[in-house]
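Consider the two complexes below, in which subunit A is the common component and subunit B and subunit C are the respective partners.
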Partner chain A sequence: MSKKALLEQPAALPAAADGKTKSARRRPRNLWFTVGPFAVFLALFALVAILRPAFLTGGGMAILAVQAATILLVALGQAMVLHVGSIDLSNAAIVIFAAIILAQTLGPLGGIAPIVTLALVTVIGAANGFLVAFGQIPSFALTLGTLGILQAASLVISNATTVYATANNQLLAPLFGTALAGLPMAFWVGVVLAVGLWAFLRFTRAGEGMTAVGLNETGALFSGLRTRWFKVVAFALSGLLAGVAGILVIAQAGAASSFGLGSDLLLPGIAAAIVGGTAITGGITNPINIVFGALTVALVPIGAAAVGITPQAQSLVYGLVIIAAVALTMGRGHNEVVK
Partner chain B sequence: MTDKDTGTGLLEAAPSPSQPPLRAGRRFDVKNLGEVLALIGLIAAFAALNPATFLSPENLRTILDHASLPLIIGVGATLVILTGSIDLSVEGVMGAAGMTFVLLTANSRGSADFGPWAIVAGLAVGVGLGLLSGLVHTRLKVPSFIVTLGVWFVGLGIATVLFGDQSIPFLPDGGIKAWPSTLTFGLPNSFLLAAAFVLAGMFVARFTRLGRFAYAIGDSEEISRGNGIPVLRYKLYVFIVAGGCSAAAGVLAALKLGAGSATVGVGTLFLTIAAVVIGGTSLGGGKGGILRTAIGVLMLTVLNNGLILSGVSPNIQSAVSGTVLIAAVLVATWPHRSRLRIVK
Partner chain C sequence: MTNASLAPRTGVETPALRLTNISKSFGSTHAVKNVSLKIPRHEVVGLIGENGAGKSTLLKILTGLYQPDSGTIETDGRPVKFRKPQDAVAAGIGVVHQEQSLLSNLSVAENIAMNALSSKDAATSYGFYRWKRLNQEAAAILARVGSTIDPRTKVSDLSFVDRQMVEIARALRVDETIHAAPLVILDEPTSVLERNETAILEREIRSLRDIGSVLFVSHRLDEVLRICDRVVVMRHGEVVADVRREEVTEEELFRLMIGQESRARVRKGGSAAGAVAAVEAKGLGRKGQFKDVSFAVPAGRSLAIVGAIGSGRESVCRALFGAEAFDAGTLEVAGRPVQGWSMRRAVRHGLAYIPSERKVEGMVGGLSAAENLTLVHPREAAKGPILRRKARMKAAEDWFERLDVRPRDPRLPLGRFSGGNQQKVVMAKWLRAEELSVLILDHPLRGLDPGASQTVNDQIRAAQDDGAAVILLPDTLEEALEMADEIIVMRDGEITARFDLSVDSPTSLDLLEKMV
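The block that comes next holds the complex of A and B.
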């Protein structure tokens, strides 16, 4: 974000006013970029709480955190890919694939099963990234293709039915069974990962390289950065986080199927990443804000139900709120080309 | 790195002096025939695998009937993608337009009967949703990906609200419900309608301001603006056209189904966008065409139909479409590979 501001300054202020006015003109927008997603969530939450006070006392926050946990993980993975300027349409399909694999291996392999699952889906994610970076296939087309392949793979390995995790379920039980500050552990796992990713983007060479790729890929390439490998890393992270989301699906439901819990995470995941202030053009991502993005996206259907909007109108409300939230939180320049 | 780059640079620069004389015959270039050859190859392969069934008139009519919805949507989707944007709202718009049409025509719920005006109302809903997408995208500068994602849900919501909690509204037997599958000149009406859309779309893309500007905007929005093209206005028009196409497909889908359903469009988005890309239209905008999309749609429809006839499990169909999509893009973009090429 601050990098974006730095890059923009020469263009935006050609007759460079002194530093004082510069910061005065910049600060409100930068401040909004930082707190916008939180403010939007807070406003929406306050609206629901005022209209239905029982939402606060009746454990509404815990329900919200349960719903937000899987969305958050998918959104974080999506944000990593958006950060390098690409998109991953296959990551929700990876969630289901991981959940089915885990349900089948949890009994025989026990504690190793989640690790095997995570390794497998990370490789799938990296394969996506490899094809985008070295096959030079546009990510939208490629991941649309792998989405189809993964859907078919999930159907085949599950025989198009629901796969139950029959043994060793107690290994995953603490994720939703125990609570910290009233919110389930699964949600805190997501928060910890978000903070970790924030530090990764901020303080590591790979993270800064990914930011450079997202902001100006040509520039990054001519600066001698291994831009291709940063893309592979981004897609591998997306696969890994989708795998964690798959583990949550099994922890929550104990079963997985191609049409069951978690099968419709693609669009909420993208929406949460964007509502969390991630620029779809790349380079501007704050993983911590995505926590609020995920909470906002999860709050819309729950809040709408709590307020008493008929179930039929829910997706209508959902669509309108997403458009409004994105219009409020996204960053935009004046002469920028928006596609 | 430098060696390789100079190499490709030289290779690319060399043929350019001989380009102008070739221009007259460029439409018959082998490269442009790739998709057509692939389609013919698919048809030949499935005809050889299933000699009795695949080429029978009934099966060919089934293929053309199945292709009709993605063909109609493909016209709008191609125009939007040519401008460099994307329209994901297809399934929602289909649902909203289809439900509007069913509830305003003669149906088992008896809600209303406005005859042909029901079709107009259905189309108007689609145009309205396209207008909404276009306005939010161009005025609020929200990326089209997100706007149309939202409008997808809005459309789905409108359809679900219209559906309400009453009984399913069925269309009466005979009459208008039979129209899509009725044969004219041996072809199903649904396909003839789709063909009319494709021809109209090709005309628009080639000979009208809307079409030419769509290509120009997709090629470079900044240069288009610099040349005085009202970019935002024409983007808005393109979204309206796309909304209209989706709505027409929604009405047709409702007719085929013979009932009102909010989820009448499920699966068409994936199929249509895959077809656009397989046909060779660039997702970056500026390159491609509606005829290419039509060939892409036919390829995917023939492939799905042929695989079912060959006894392949329907579970792996999406994998086949996905693999074809990746392979098609890989083959199409392989010659343009370069270490300095930026692919998003």
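The block that comes next holds the complex of A and C.
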């Protein structure tokens, strides 16, 4: 519904308002949003462990964490955008774009290169948010557009080939070279960022304002909150986190291309956010749970292979997981209007 | 239309519609109490009453949207039950709502057909329109209601009156035909019409009387007396009068509508002329909503704006708060004209707005009551950008105690509280401001029980005593006379009267005269 339509709604009659009291109540914080993501991960993990006992003994957990690290970062960014009631379809394209920029600048710029890369993609994310919030362009359409633009930009600056980071690779080596509790540092970076975002949403006015925007944007607007800037912040965070994922791509592969590692993160990113308990309708997310969402999504191909689904059909499983998770978590009955 | 084509006048004694002891309550509010009335064939009956008198609830019962708690409905002498709107349409009752619902990019015939399209409808075949048949049927139905519009015309090309006729035709179409003696309910049809269009509609209504009967809901008493054969007056959910047009004057209808006249007590303290206004509107206007609205409210004074639906007073309040733009005049806050006015700026200048659409605009139902309470003015609940959750909980508990909010748990999502308790929290959220300069209240008591209303009114008075300027859109005239220092009356977007209650003591009748 457009903002104008909301503003010009005729005043409800007392009787109608009374009737609303019963139906407009918010769905309860059901169990799914608190322990669901962990339980789902545990169930899938148990399934894999039973079908493929070698997974446990053969360092499977470390491999899983490597797979989950980039998914987690993209999912955290997506969750922040979903939290304010929008969606960012461009953030997976930003990962590749950031990886290619980093691969090209790491040699000449050294340690500054990651910072430059992060600054650049944060600006790109913020531009997305600015156009959504101030240009009144629906985020779905806008980020679909920036997705195309960024893909083209990546192809052009990489000459459609693989770009190798030729020097200073050792700067990024610790991300996957060192481990803590058997899991690579890259994964822990994601976990620390998840905890940071959780604290941001829970303990800051801006975080609470973003929650308010996601739950009821009109109500937030009428409370005098800077609703537009909150959207810009969410999209900027999405860009920043995608940039961190891009750094991980270079750290892991030492090279980037439009079709290489990290080029198919859009669907897993959204799936991890949703399996992690993020409400697609906005206002409900727990970044810590997204860690389990990302682990679950990373485990899906392994689990799928264990039950005999070919690796080629991976996206099929992601797609089904997204549809099923949203279907299970939408508070239907109240919402007849669905976009 | 000649007499020969009229529906046979079956027994003049059997009314088209008879209601006996209809009651409907919502919680503890009796919206409609023991209403009995009859609408005979070939009669135009007017239904009048203040906002909240129960007219709308009664209409919803008549059209099958609400089920009455008790009482019976009879059509043509047979008792009926309307379980859904289609039942009422099948019984020949069609309602035309105040807000038009036609799809303007489709033709008249398509709009008429849409109401009752079904698979066995002869105007369609396998989901496709049979255009010739569709247009013929539409023309026939339009002719029945006395209109000569070409059914192929696009609705967007029609005048307002013609659209209203299409609405009537559509409301009455049941299974490719029209009930032999339909009852047409017109819900404030003239509030959106120009004067000359009103005259045309009046003629159309009279021609409707030839085939069936009409229930005409309006708040314009002169019109009701001109158009209707009989007038039913409702007050506080009851029918207080049912009189023939010849037996009553406009003046008497006024009195019946508002009951006991209430008169404002003269305020002590005199007018605060000379003081700097906390908020001042100078020739404020918004196209299509209001124009040339000027008033000033000094700190510690209260202004009530009264007016009927369509008076534009809600729009004025929203413009003051920056929720709607104004395109003429200037707005001054604390003596200085505002530029680039927005809700955020308004909040920063100490303005507060309590909207009538509480659930959508007034609160974030998914956040806890405590979170809602500190959303606008965090004060002790935040240190810079960081929230202090413990301090907030303490502040919330204090407010819950002070305003007697139940249940006494600020951790619960605000959406789970009852309307009255929600409204208390919404009030508190604005009253927390360090310096509340202007408090704008859009129907603050709507839907509240007496206890909650009392609490809210006490808070309004306390805010005023603390130096806030109060602008109130009351539900009732009594509320205005009780709460305000000054009253402005608006009609059709313009101010029609001003009463300074420290000098005048107008009655509710004085106000009503300027409203309608």
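Please note the rule applied: the second predicted complex is superposed on the first by the 273 of 339 C-alpha atoms of A that agree within 3 Å, B and C clash if a C-alpha of one lies under 4 Å from a C-alpha of the other, contacts with A are read in each partner's own complex, and residues count from 1 in each chain.
Operating definition for what follows: a residue touches a chain if its C-beta (ideal position, glycine included) is under 8 Å from a C-beta of that chain, and two chains touch if they have at least 3 such contacts.
Predicted model only: the values in this text are computed from it and were never measured.
Once chain A of one complex is fitted onto chain A of the other, the partner contacts of A:G148 are limited to subunit B, with no touch recorded for subunit C.
By the touch criterion defined above, A:G283 lies against subunit C but remains apart from subunit B after alignment on the C-alpha atoms of chain A. By the touch criterion defined above, A:F203 lies against subunit C but remains apart from subunit B after alignment on the C-alpha atoms of chain A. Partner contacting the larger number of subunit A residues, of subunit B and subunit C: B.
Contacts of A:T57 after superposition: neither subunit B nor subunit C is touched. When the shared chain is aligned, subunit B and subunit C each come close enough to touch A:T218. Within the superposed three-chain model, A:R226 lies in touch with subunit C and out of touch with subunit B [touch as defined at top]. Shared-chain residue A:Q170: touches no atom of subunit B or subunit C. Common to the subunit B and subunit C interfaces on subunit A are residues 218, 221. Subunit A meets subunit C in the complex at residues 6-7, 9-15, 17-21, 24-26, 202-206, 208-209, 211-212, 215-216, 218-226, 283-284. Listed in rising order, the residues of subunit A touching subunit B in the complex are 85-87, 131-132, 135-142, 144-149, 151-153, 155-156, 160, 217-218, 221, 267, 270-271, 274, 280-282, 310, 312-320, 322-323, 326-327, 330, 332, 336-339.
Subunit B meets subunit A in the complex at residues 84-86, 92, 136-137, 140-147, 149-158, 160-161, 163-165, 221-222, 270, 273-274, 277, 283-285, 313, 315-323, 325-326, 329-330, 333, 336-337, 340-344. By the touch rule above, subunit C contacts subunit A in their complex via residues 26-27, 29, 31, 52, 56-57, 60, 66, 99, 314, 318, 323-324, 343-344, 346-348, 353, 355-367, 371, 375-376, 378, 382, 385-387, 389, 413, 415-416, 418-419, 429, 442-443, 446-447.
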